[in-house]
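Each of the next two complexes has subunit A plus one other chain: subunit B in the first, subunit C in the second.
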Partner chain A sequence: MQINLRNKGNVIILDIEGNLVGPNTIALKNIIDDQIRESGGEPVFMILNMERVQMMDSSGLGVIVAAYASIRRNNGRVVLLNIGGNIRSLIVMAKLVTIFDRYDTEAEAIASFL
Partner chain B sequence: MSETIFVSQTTQTSETILVIDDDTDILALLEMSLASDGFQVITASDGISGLQLAKTDQPDLILLDVMMPQMDGLQVIEKLKADTETNTIPVLWLTAKTQTEDKLRGLEIGGDDYITKPFDLREVTARINAVLGRTRPVKYINPLINAMGESFSEAGVAELGSHLQAAAEIQLKLLPEKPPVFNEFDFATMFRSSTSVSGDFYDFIPLSDTHLGVVLGDVKGHGIPAALLMVMIQTASRLLSNQSDSPATVLKRINTLLFHNTDLEQFATMVYGILEINTGRFTYANGGHCPPIHFITDSGDHQQVEESGNRVELLETGGMLIGAFDIATFSSDTCLLSPGDVLLLYTDGVTETEGQTPNNYYGEERLINCFSKNLTLSAESLCDVLQTDLMEFSGTTQLKDDRAVVVIKRTDTQATPT
Partner chain C sequence: MGEKTQWRIFLSLPSTMQLIYLIDTVISDILREMNFDEETQEHVNLAVIEAGTNAIKHGNKEDINKNATLEFLIEDDKLTVVVTDEGPGFEREDVANPLEPENLLKSSGRGLFLMEACMDEVVYEAKGTIVKMVKYKQRPNL
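Entry: the complex of A and B
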């Protein structure tokens, strides 16, 4: 799995490539944790770009759920960009549609933080 | 706007080789050759950055040039061996020197083998594989050594092994030994664990002579942490199911309990339902779990979903997954099992069973088809048919995920009271 980190203004964008399954998800968790730590308690604004993620399992869901909770604690926000059918149905099944805002373009996702 | 900051290292199953050599032609050649052999390759053109990469990227093996400016290979290996983060990584020398003395010194100081330049690329791969073959078990056991600390010994490991086995036995005992027996219903279960202890669970809770609680769920992750959480949920559901007639209320209480007592990332998905034996009514709440499937065999006026020509109802009503959000709310719903109908509860280990081609999963559709064709069979036979179909699909009996299945079939032929 490959994760690319970009900043646009104060928004952190993680471009994720590969499947978010099993032990693969640790890399994403570590990167998100690092960003939260580096923010020193300031709100974190994060976009998870899932365009190149075909598959996600419960471990992957665990990472984004934990990200949501810890980012929210400091009044930050994490949103999902370009999620495909498989991931969408997992989020629907877990009844998390009301938790995660989802966007189809980067511009919309960034605008949501303004 | 700042651009790419870093790319995380691979977490695929292939092994990573770090090549440290000041000759960039050799780096390029080895990178190409080893990558085509399926290794992940990272390179450094001097000793200092090589050491840094060894620490941050934790390669499975290091190819190390002896002669380099600034910090030579012997200094690099001394530092590698002096650092607990890198001292177990095997090192293969790349040396232009053919003198025996150098070879011996290299091995004495900690190298595992050496390759003399100019080298044959096939020989490099063969030697790497030979060294990895010897060191792989050491790599696997390192996390164990770290976790056990001072208690790591032959006796300590044996004790841990027996504890693990005991934990698996305790867990199996917590699952109902036999499905309940009723004249009106036929029950069967399937439970398989990918590790010695599992995060999947199911339970039957007798609530009265005519009411049976049915639980099936999946704790995120595998192994002991998942199993401990599973025990907590199972205990909670046994206690709480007797305190409320509403599955939604039971899930809400389990959610609160888990939310306050576990880490953020720990959660479970589960279905809890109450089966009324006399009427076939199944009142349930689904906490973020893959929906149980109700296979409808008569033309009753249930809410129906057309799926590949078969009438099925997916039991989706409920709420979020359990234990992650304090604010989660749940609702209950009812489905009516008529004579001949089958209710299938399962964990995602079934539908996420991998096929023999990449990104190909068993899926809900095939599961529905598998059952729909065999609804006249007994609950137990349906489990067997599913088991066979899963093996056929995956081409293996090895499991990557835990699996739990509960099949409930209404067998009586009486008219259903409405």
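Entry: the complex of A and C
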């Protein structure tokens, strides 16, 4: 599992590669928690680019739900970019489709924060 | 009358989450061999990983001296997966519904729900230390 962190303006972009399953999810949780901590209480604007995530289980879902809740607490937002059909179906099943904004291009995702 | 194909495969794992990938590897190959469609493969794969995670993490509390056992019964018309742990068990009705509004933003508690949503049948036996899940090649008429 690999996670690349980029910044575009005040937007944090995490490019995630691999399966968000079981112990793999801890790395993502740690990176998100670090970014929230480093923000010092300022709103965080984050894009999770999941183009290269083939599979996610309830642990992975738990990490992105926890990120949503923590980031929203400080008036920030986390959105999903390029999610595949299986992850979309998981989010629909878990009734989280109304919670996560989803975008197909990075430009659209960034524009959503403006 | 043609004879029914039936294969039984066992996987017994020490209870460490580092071995979850083995469950993924085995179930992925079985599902491909059985020619389930792609969406069904993803659903069953997820359900089996969730059941394995529950057995290792919640049942056996990641005690490597305890084993999580997965039995795959492959038949022409269905796949049955039986997951067993050595833990104290649980009551299904004590696990909250993750779809209730007050639970939607909780970071855990979706495993059983996903197993039940992805499989055709899920039965908990021996206080939940044995979970039997079935996926049919063609969904039976209920």
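General remarks:
Note that the second predicted complex is superposed on the first by the 114 of 114 C-alpha atoms of A that agree within 3 Å, B and C clash if a C-alpha of one lies under 4 Å from a C-alpha of the other, contacts with A are read in each partner's own complex, and residues count from 1 in each chain.
The criterion applied here is as follows: a residue touches a chain if its C-beta (ideal position, glycine included) is under 8 Å from a C-beta of that chain, and two chains touch if they have at least 3 such contacts.
Just so it is clear, the model here is predicted, and its values are computed rather than measured.
With the two structures aligned on subunit A, subunit B clashes with subunit C. After overlaying the two complexes on the shared chain, residue contacts for A:Ala109 are found with neither subunit B nor subunit C. For subunit A, the partner that touches more of its residues is B, with subunit B and subunit C as the two candidates. When the shared chain is aligned, no partner comes close enough to touch A:Val11: not subunit B, not subunit C. By the document's definition of touching, of the two partners only subunit B reaches A:Ile31; subunit C does not. Contacts of A:Val65 after superposition on the shared chain: both subunit B and subunit C are touched.
In the overlay built on the shared chain, the residue A:Leu20 is in contact with neither subunit B nor subunit C. When the shared chain is aligned, subunit B comes close enough to touch A:Met1, but subunit C does not.
Contact with neither subunit B nor subunit C is seen for A:Val44 once the two complexes are overlaid on the shared chain. With both structures placed on the common chain, the touch criterion links A:Val79 to neither subunit B nor subunit C. Where the contact sets of subunit A with subunit B and with subunit C meet, they give residues 19, 22-23, 55, 57-59, 61-63, 65-66, 69, 93-96, 99.
In the complex of the two chains, the subunit A residues touching subunit B come out as 1-9, 19, 22-24, 26-27, 29-31, 54-55, 57-59, 61-63, 65-66, 69-70, 93-96, 99. For subunit A in complex with subunit C, the residues that touch the partner chain are 19, 21-23, 55, 57-59, 61-63, 65-66, 68-69, 85-86, 89-90, 93-96, 99. Only residues 1-12, 218, 220-221, 263-267, 269, 287-291, 316, 318-321, 324-325, 348, 352, 359, 361, 400-401 of subunit B touch subunit A when the two sit together in their complex. On the side of subunit C, the complex with subunit A involves touching residues 17-18, 20-21, 24, 39, 42-43, 45-46, 49-50, 53, 98-99, 104-108, 110-111, 113-114, 117-118.
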